[in-house]
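Okay, here's the structure, questions in a sec.
Letters A, B and C mark the chains as written, and numbering starts fresh at 1 in each.
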Amino acid sequence: MASVPRFWRGIGSRYNLEGTRCNECGEYFYPPRNFCVNCRRVGHIEPYKFKGTGEIISYTVIHTAAEGFEDQTPYILAIIQLDEGPRLTSQVIGNPENIHIRMRVRSVFRKLGEDGEGGMIYYGTKFVPEHE
Amino acid sequence: MTIGIVSYGAYVPRYRIKVEEIAQVWGDNAEALKSGLMVYEKSVPDIDEDAATIAVEAARYAMIRSGVDPERIGAVYTGSESHPYAVKPTSTIVAQAIGATPNMTAADFEFACKAGTAAVQACMGLVSSGMVDLGMAIGADVSQGAPGDALEYTAAAGGVACLIGKNESEIAAIIEDTYSFTTDTPDFWRREGMPYPEHGGRFTGEPGYFKHVTNGAKGLLEKLGTKPKDYDYVVFHQPNGKFPTKVAKSLGFTKAQIAPGLVVPKIGNTYSGSCLMGIAATLDQAKPGDRIFATAFGSGAGSDAFSITVTDRIEEIRNRAPTVSELIKDPIYIDYARYAKHKGKIRRS
Amino acid sequence: MRDVAIIGVKNTKFGELWERSLRDIVVEAGAGALEDAGVGGKEIDSLYVGNMSGGRFIDQEHIGALIADYSGLSKNLHVPATRVEAACASGGLALRQAIMAVASGYNDIVIAAGAEKMTDVGSEEASSALSAAADREWEGMTGATFPGLYAMIARLHMHRYGTTSEQLAEVAVKNHKNGSLNPIAQYKNRITVKDVLNSIMVADPLHIFDCSPITDGASAVVLAPADIAHKYTDTPIYIRATAQASDTIALHDRRDITTLDATVVAAKRAYSMAKLRPEDIDLVEVHDCFTIAEICAIEDLGFAEKGKGGIVTANGETAIGSRIPVNTSGGLKACGHPVGATGIKQAVEIVTQLRGEAGQRQVEGAEYGMTHNVGGSGATAVVHIFSRER
């Protein structure tokens, strides 16, 4: 699913929603960016830890899984807007029947995947309905 | 010096399987099992949950309850008999996920069902010696019961984290003392590389659970000069409902004392989380000044007894994170096939 | 800058070409286009080839050199060959590079080819290779698939504009009908709305019949300066605009996920360059990797009001013989989608139509045609406008 170093270098972001913010224009970035898309070279990027709450912008229920996700079908994939503004793609744990656009969600810690039975396990953030 | 629980957090997965559902697969008598075990259903992890994710969720709830800066934590110890890696710590995952890294120590514990309380004792030692400011002790498991084995009816998933500290204004429950009783008694084991544990059947009872729990509890009562009636609540390791009920009675505790912490009938045996889950459920409802007596048991075998007094602080922190009863309400019941998939008992080829 | 014309075109058969390799199909397309143009090897100044993922599909990189070699352009002629990659827009981008080479005056006769051999790996591995066109770290690693990303576009489009699954299905129905008239199409069977809605769900609300297939195929066009095009052919087709635009790699970072801003901007640049408006275009090949993608495309290219793409399609306005025929080739859906070839195949279809050689699927009196090729979920868009008259 990923190489170990590639995953490891993003652990802070994957576990704890560590992103960035440009204190020149005020925009928040998750996934983190180290170069502001608005201010470019005059931007000042600093670390920012997101609260982990937000709402669903759009979603789908995946029946034909991506490689490595076969045991999870059907799974809900959503674009989530964090309360600070940026959007990300994540799985949402829940009943596909109850999911809807603008639903409030919060982050939880889950397994994202693994490199087979003997390989590295990838942990990180998924979302659940806010009041579950 | 005062040492105690600064905060605690519990986590139980949402899924449950009923004893009836397992019994119908193996042709067992569900009614007899339920009355024999005093267990009616057990928690099952989601397909993407394991001991590490459960430990993280519990530790995060403990952090939310405490409100402390995670950088103050000098040690994270996670007890489990289902660590996702045989080699590579669960505790580093937890420490990173609660923001405690990097200026701290971490290690994983294993002592069957009492690895969590062993972690509590280790943290008490580090805190009281001044080696660390705060220590995070966790017991978490996605315990394994072999298909068709008696343990399959109870082997459940869940975890509890306790933040241990010595700053009196921060302590929600003082741990007055602890006492352990340990012998080499092979009542239950899992060999390296094997998927399921094996056990000595009824040998796990008298020579295992009852001998160690009784001696551990008596040892602490004698050390402190306290009696069962001095306590408002009592918690014992709960592999099923029957064992703790029986040992409580033999030691002179009442049904009323044991009831609030007896969570096993609805969620099963959460192994390293089991006794701590009972303590957490008790702290969820105890009043300042209440005293709690607790004894954990781990096969192999040993017991850790604790005498705890709740402080005023409990009222301030209790509702900052979900209580055990909130965590276990609204379960999703699944059938044996789904349970087998979640537990990796059946695999896609 | 010089005006540029297309003087030769060729598509291979599209489909599961079990007996043929990447080099086999590229040579067929390239040689066919050169034959169509009446151009000899010595006249060729350079070759551009669109190929998304030779590395993943056939474990072969250095595709430009491979193709030049097997096309007989290396050993004696040493023709420069360049592979161009922009995921599913690789073909469109190869065409654009070739146009710029001729327009600039650096080259005269240039081949723009596109090819993908996708069936040498299993469908799971092919899907995995395709998903590399999305953001691997922040989309792929969460379990996102391409149908999943487009399904989220569809879900919001339905929520916001009232687009229905039936309207999405109408795209597939129309494209299968067009495909049935195209000899090279992968699928020539006609389907109904009910067939689409009853097909298995891949990523809700997209069914398997809402998705383009996995296809082998190659396409090639030969370009020349417009001033000398008549030396080679009686029916040169002229490039009126070449435009390209980028957007964020991840769908979640877009301004609005129901609009492909890269398409909007590329189209705006193309209309401006050609001094034309949407009403002037007689037919268009759009990037219908999924049915929702065609709905968004006709909106974003200016052929339907935003949110009305589904209604316009269901009304039949995009059928051959109607207001704006869309995907007369059968589109990615029915003609097939060999990812690197698609952008070139679109140009071959427009040239064929503007020459008046499209047979049963001919759009009568077509003067202006457009192609629209998208990479990923919309991070790259390439738009070309072609005309019959210079």
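Heads up, the rule we're going with is that a residue touches a chain if its C-beta (ideal position, glycine included) is under 8 Å from a C-beta of that chain, and two chains touch if they have at least 3 such contacts.
Values in this document were obtained by computation on a predicted structure and should not be read as measured data.
Novice: Farthest chain from chain C, going by the mean of C-alpha atoms per chain?
Specialist: B
Novice: Which one of the chains is closest to the middle, using the mean of its C-alpha atoms?
Specialist: Taking the mean of all protein C-alpha atoms as reference, the closest chain is A.
Novice: Given the contact rule stated at the top, which pair of chains has the most C-beta pairs in contact?
Specialist: Chain pair with the maximum contact count: A-C.
Novice: Centroid from C-alpha atoms only, then distance chain A to chain C, rounded to Å. What do you get?
Specialist: 32
Novice: Return the distance between the CA-based centres of chain B and chain C, expressed in whole Å.
Specialist: 59
Novice: Where in chain C do residues touch two or more of the other chains?
Specialist: Answer for chain C, listing residues that touch two or more other chains: there are none.
Novice: Could you list the positions in chain A whose residues touch two or more of the other chains?
Specialist: Answer for chain A, listing residues that touch two or more other chains: 72, 112.
Novice: If we count contacts the way the header does, which residues on chain C are in touch with chain A in the complex?
Specialist: It is residues 124-125, 127-128, 131, 136-145, 147-148, 151-153, 155-156, 159, 200-206, 250-253, 257 of chain C that touch chain A.
Novice: Note which residues of chain B are touching chain A in the complex, please.
Specialist: Interface residues on the chain B side: 14, 46-50, 52-53, 56-57, 60, 84-85, 93, 96-97, 99, 330, 341, 348.
Novice: In the complex, go through chain A and note every residue touching chain C.
Specialist: Contacts found on chain A: 1-2, 6-7, 10, 31, 57-69, 72, 75, 77-80, 86-91, 96, 101, 112-113, 122.
Novice: Which bits of chain A are touching chain B when the two form their complex?
Specialist: Touching chain B from chain A are residues 11-12, 15-16, 70-72, 93, 108-112, 121, 123, 126, 132.
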